[in-house]
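What follows are several structures.
Below are two complexes that have subunit A in common, paired first with subunit B and then with subunit C.
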Partner chain A sequence: MSATTHALHLDRFEAVKAGLPGDGRARADALARYAKLGVPTSKLEAWHFTSLKPLDEAALAPSDAKVAVTAASVAAHALSTSHAHHQLVFVDGRFRADLSRIGTVPQGVVLVAWSASKALPKDLLAEAADAGAMRALNAAYAADGAILQVPAGIALPAPVHLIFLGASGAAHARNRITMGEGASATVLETYAGTGRYWTNAVTDISVAAGATLKHLKLQIESGEAFHTAATAAQVAAKGVFDSFVLSIGGKLARNEIDAVLTGEGGNVKLEGAYLARDRQHIDNTTTIDHAVAHCDSEERYRGVLDDHAYAAFQGRIVVRPDAQKTNAHQLNENLLLSDRAEIGSKPELEIHADDVKCGHGAAAGEIDEQALFYLRARGLGEAQARGMLIEAFVSELIDGIADEAIRDRFMAAVGGWLYDAQGARRAA
Partner chain B sequence: MLEIKNLHVEVDGKEILHGIDLSLAAGEVHAVMGPNGSGKSTLAYVLAGRDGYDITKGEVLFQGKNLAEMSPEERAREGVFLGFQYPVEIPGVSGLSFLKAAVNEVRKHRGIKELDAIEFLKFVRAKLKMLEMGDDLLKRPINVGFSGGEKKRVEVLQMAVLEPRLAIMDETDSGLDIDALKIVSSGINALRGLDRSMLLITHYQRLLGYVVPDKVHILSGGRIVRSGGKELALELEEKGYAVLGADAA
Partner chain C sequence: MASSTVETLQSVIQPYKHGFVTEIESERAPKGLNEDTVRFISAKKDEPAWLLEWRLKAFRYWRDRMLPEGDPTWARVTYPKIDFQDAYYYSAPKTKEGPKSLDEVDPELLRTYEKLGIPLKEQERLQGIAVDAVFDSVSVATTYKAKLGEMGIVFCSFSEAVKTHPELIRQYLGSVVPYSDNFYATLNSAVFSDGSFVYIPPGVRCPMELSTYFRINAAETGQFERTLIVADKGSYVSYLEGCTAPMRDENQLHAAVVELITLDDATIKYSTVQNWYPGDENGKGGIYNFVTKRGACRGVNSKISWTQVETGSAITWKYPSCILQGDNSVGEFYSVAVTNNRQQADTGTKMIHMGKNTRSTIVSKGISAGHGQNTYRGLVRVSPKAEGARNHTQCDSLLIGDKCGAHTVPYIEVKNRSAKVEHEATTSKISDDQLFYCRQRGLSAEDAVSMIVNGFCREVLKELPMEFAVEAQKLLGISLEGSVG
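Here is the complex of A and B:
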């Protein structure tokens, strides 16, 4: 039997486990759970649109993280240095102090990589009983990741930028963000790399009462890479979890977000944009769980699909029986640039309370011919006019990002998708 | 400047214009009037090069060049401007950045140095002043949420900024209040010149009271049924189209 990613991960564990930090028992349990679950297949509701077969066949073993990465390849993904920010770089899932810059933070704030930390949180590898296979595999193999703890009442002034570069094999980074009561912070995760590799990341977030976390993600992996990432957020009373995922790279990418509103007055906003071409497959699967009353959630994703690209959007919204006065709205809009591009869009509303306002919508359309003619009638070339309309479609969401450096970075990434370095539109 | 000869135009396989002849000399302003559905906007679109408006017979020469062979953007760069009857809303594209890109495409085509952001702002401010407008509309996405009159004023502003050789203004006066009509008219008058021709499509004599045309054409049922001097518009206002024997064919 030829090696598969799955088999390689089962085989290598014994050899590497001694070198992995934290609770060994938890890791072994996680691997056993993963072995039992197996690679998710499209028979599972949550994986309805996405097959991981290409990932399994790619035969990627856990990375030994011995690749050389230069400061220059990090700089390409860094935020503009004219805006203060903290930068933590991970290569194949391991922290690289030499490429990182952590500035001074307010007293009590912890911003550190596992491998540089003296005391890891005990429950770092903890998994819910019903957690999926990819999370379990991450728990078994996670070697490093970022830890951010912002104590009650503290506002972290500069954003935190976590950069994950992939180069070989499989990397299982695991991050933990803990926001104390009334605390606030902005965190950007960038995922990029070169060649063929797999990123399987987990970010666990807890937002205490009255706290705000703005969580942004730029998935700009190499065109041969696989990306599966799970973000889980718990949001207490009057807490705010504000997420934006811009997904551009990867051969196969899956962004999973699970947000639970556990206290009244909480607010979850999930926004995202994805741009895909060639035979790229980009999956955004989200769950917002309104566990209690008087919470609001809003979800807006926009996609641009060219060539043979495929995008999946699954938006599950659960409103528990006690969650009266819930406001939950979801919208997924797609711009199809080719008639071979495809979108699988599936809202799932499970509403068990009666006094709620919930709505959802999905749309797929082409470039507005009238708008295109209007621009061309003013002298803009067809390619430029199309580019302008595509950019406008996603910039309407990106414009809402409060942090200027991150907003600029996102627009630059969109520009990089549309135009090559010479400013010419990339072929459709 | 513009020479339309026996122009037949089909839209979706249906002939809408049945042989238009119209000749507009440099510096002239002609008005095109006519009942709803008579083909005025069709004429405007075909001049600007909209997809789906097929010339099946006849030809259009602009400065001696065959317009049919040019893409919409080439026409615009050569100096054709269409002020839309229904300007399109384009969310996410700011009016300023769009207009700057447009101006620079035209300048590039004409071999003039492109304007940088500061030069462009200065240039636009002068035009805004001429049309007694603020820059607030230009900072917003193109036409999004503009009132009917605001859209029309921005069309005129775009014309002023792009400095075309042929301006086709499709019902630019509809939806303007009395003060705006005066301002827009004086703007249009200021832009009249020996090297600029205009085709003003309108339903109302009111505009032509301010912008006095050299000629008036009446389009009905896809044909020009009468042409005459500026008095024709007055006559029309008094008697309506039926009296002219120009009821929709």
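Here is the complex of A and C:
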């Protein structure tokens, strides 16, 4: 992204700001912060492996949400209707009531889009002082997004499915999930679309004491799309934040997760898988911040890379002074299928307390020849055997997803990727 | 472009400007850093024109391209901004004011020596005071030199080598760490004072461990050393770098460059025990150890092995690296880094796999105590052509006390699918059970910690030559004094 596009962002704000909801002052502040920070470059440690250069001007025009997206194009990404769920659809960052099926939620639960809400949370556009440039840009331009509030003690029985479809321009969706004490819910975010566009999403999550949020994300954007997303979660005492990110789509995709454990007994689990081919670039950058003692975290990411694909994994675990009795484990494993695929992995530990158990690991390699031989010896063709091993590698993580409909959706996405990969191989 | 070329030419034509005559007599370049300082150093050492030109090229690059951007900030170390004009860049040993006898030496240092088991004679030599000691060491060095000379081994100071083996220096200087490499290496290239040069001819196995230990002059040149070791085909050398004398200087910058080159089937083993003055308990004083060390395995089946025990310095910023160019070449990095009190260490390695079937091993042990901050920062890169490359990395951290920090920042970049790269890291502390067990058997708390720490570091210490290993073990104990109980 060049200096001119940077300037373009700043200029365009004047033209659109009047039509944007919420706190105008916060937006102007965010834009000023973006102007100061500039577009992240690989000189920044957090962007060591990923350059936003390919994100050119064509993808930046603000969307006016007039693109024709039909119920049929939504159905391709919807969860099976045989399982009860609440569906909210956003097209180019704007809520589409006609495509959504929110259904009924338990008394006290708020599940609404900004544009349909009477009272927006005051701090909707609030940003931490050290937040990055992409988040700042989102805060300046965000026009819509989902709001989910689950009050204390309530368990939302059916999963919430947020579908974000892109078709043109830039979409800065901004979601807010608030879990009251002891509440529980499952939320799936699906990002998909057609053609060339840019998604720059933010999801802010707060998990109160004893609450549980299972947060899943399926990033299956179009092959020409750009995807930058940031999820920030605050987890209070005995709270559970359980995240799974499956990244398959996008020309350039970056998924950031920042989870902070703010109360004792909290638990964070970050899992993810990424499958990339052609010239795709997929980046997963996570931070788990153990701010207090007696918390556990576990992180596992697995990647499969084919053709010229590039994947980056940056996982940072911070254990603050006095965060004693912390248990933190992290593992990143990568499977390289082609001679031109590349992986950049940076599992990082930052530890300021002594009575902790922390470990991390990273590995990269190709498909195990012996496993392949085993399957071939039992009569499987090479392609089939390889496919089976890749599927097993990824499904080991996906199998842990509790919600059946979501698990099936994820496995189907992986199956689709394998099918396409084999097709491409046959054609080549 | 054109005008700068003219300026360059002019400055080359006028080798000397003004204001230096008196300064030469005092054996010290004036404070500050400019082209004249570089010329002064070069003239003082009677260097050939090409070397001066190389220094100037480095200096201009540093001044014009690097200084405006400032010194690197990516490492996890904090220190006040260094004023590069407020320092002496050349000071001949003669003028250095040392204590006249052992009585004048800080008793704290003497106690350290006693614990290290360095004999009095040697203590004097390390202090750089007693003339006979220096005399001794010179004669020792020359005795060995004659013996080595018979085998064709060149082992001398860098400035001597420039005169006696200019063709080797010209061929290899800057070939591993180019003058434009990084902020401190470039500064070193411009103002390096002296250092060591080693050349091992084809097929020769150096019969003894070579060490800077014997050459007190080289040790005294201090700030900007430059070491170049070339192991020709089929040769072997083990080199020891001993910075085992605690220095008394306050926040002194030490920016050395070490370049290693191995040709076909050659091996270099480079061991360092670094115990520069770490500053006091409150972080006052101490050495800034900003060092660039890199080895190139140019030949097939060649090997470079780095072993380091870093217990000293206020700040350590050091990444001994291996560029594995030759097929089947091997890189190794074994490290123990200790930070106590307010010490900061950001150290690790880079293993760049380029040749086929190249292998590398990294074992890093970090120990943090007091308010110490210890970071392992390492890069393993497998290039597209490095078929069958293999790396295993093991980083363990030991924390003693709840005010210190242990950080691990590995970078892994794999561009070849046949590569196998593994990284593992753990963090632990000395448990109360372990301490209780040792105390119960009559060990003092400090001895117990020392023993547990030595056990923790055993994998690395066993890579050291024996006499160094003994010293390193004792050093570990001393460095951690006062960290428990």
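Keep this in mind: the second predicted complex is superposed on the first by the 409 of 428 C-alpha atoms of A that agree within 3 Å, B and C clash if a C-alpha of one lies under 4 Å from a C-alpha of the other, contacts with A are read in each partner's own complex, and residues count from 1 in each chain.
Quick note on the criterion: a residue touches a chain if its C-beta (ideal position, glycine included) is under 8 Å from a C-beta of that chain, and two chains touch if they have at least 3 such contacts.
The structure presented is a predicted model; accordingly, all values stated were derived computationally and were not measured.
S.K.: In the superposed arrangement, which partner chain does A:L380 touch: subunit B (first), subunit C (second), both, or neither?
M.R.: It touches subunit B, and subunit C stays clear.
S.K.: Return first, second, both or neither, reflecting whether A:E45 touches subunit B, subunit C, both chains, or no partner chain.
M.R.: After superposition on chain A, A:E45 lies in contact with subunit C alone.
S.K.: Check whether A:A158 is in contact with subunit B, with subunit C, with both or with neither, and answer first, second, both or neither.
M.R.: Neither subunit B nor subunit C is touched by A:A158.
S.K.: May I ask you to name which of subunit B and subunit C touches more residues of subunit A?
M.R.: It is C that touches the greater number of subunit A residues.
S.K.: May I ask you to decide whether A:R340 touches subunit B, subunit C, both, or neither, giving the answer as first, second, both or neither?
M.R.: Touch partner of A:R340: subunit C, not subunit B.
S.K.: After lining up the shared chain so the two structures overlap, which partner does A:D355 touch, if you call subunit B first and subunit C second: first, second, both or neither?
M.R.: In the superposed model, A:D355 contacts subunit C only, not subunit B.
S.K.: Name the contact category of A:G365: first (subunit B only), second (subunit C only), both, or neither.
M.R.: A:G365 contacts subunit C only, not subunit B.
S.K.: In the overlay, answer first, second, both or neither for which of subunit B and subunit C A:M388 touches.
M.R.: first
S.K.: Check the residue A:E396 against both partner chains and state whether it touches subunit B (first), subunit C (second), both, or neither.
M.R.: Only subunit B; A:E396 stays clear of subunit C.
S.K.: Could you give the residue numbers on subunit A that contact subunit B in one complex and subunit C in the other?
M.R.: Residues common to the subunit A contacts of subunit C and of subunit B do not exist here, since the sets are disjoint.
S.K.: Could you pull out which subunit A residues touch subunit B in their complex?
M.R.: Counting only subunit A, the residues touching subunit B are 368-371, 373-382, 384-385, 388-389, 391-393, 395-396, 399.
S.K.: Can you tell me which positions in subunit B touch subunit A when the two form their complex?
M.R.: Residue positions touching the partner: 48-51, 71-73, 75-77, 81-82, 84, 87-93, 98-99, 101-102, 105-106, 109, 141-142, 158, 162.
S.K.: Quick one: in the complex, what on subunit A touches subunit C?
M.R.: 45, 48, 321-322, 324, 334, 336-366
S.K.: Can you tell me which positions in subunit C touch subunit A when the two form their complex?
M.R.: Against subunit A, subunit C makes touches at 74, 384, 397, 399-429.
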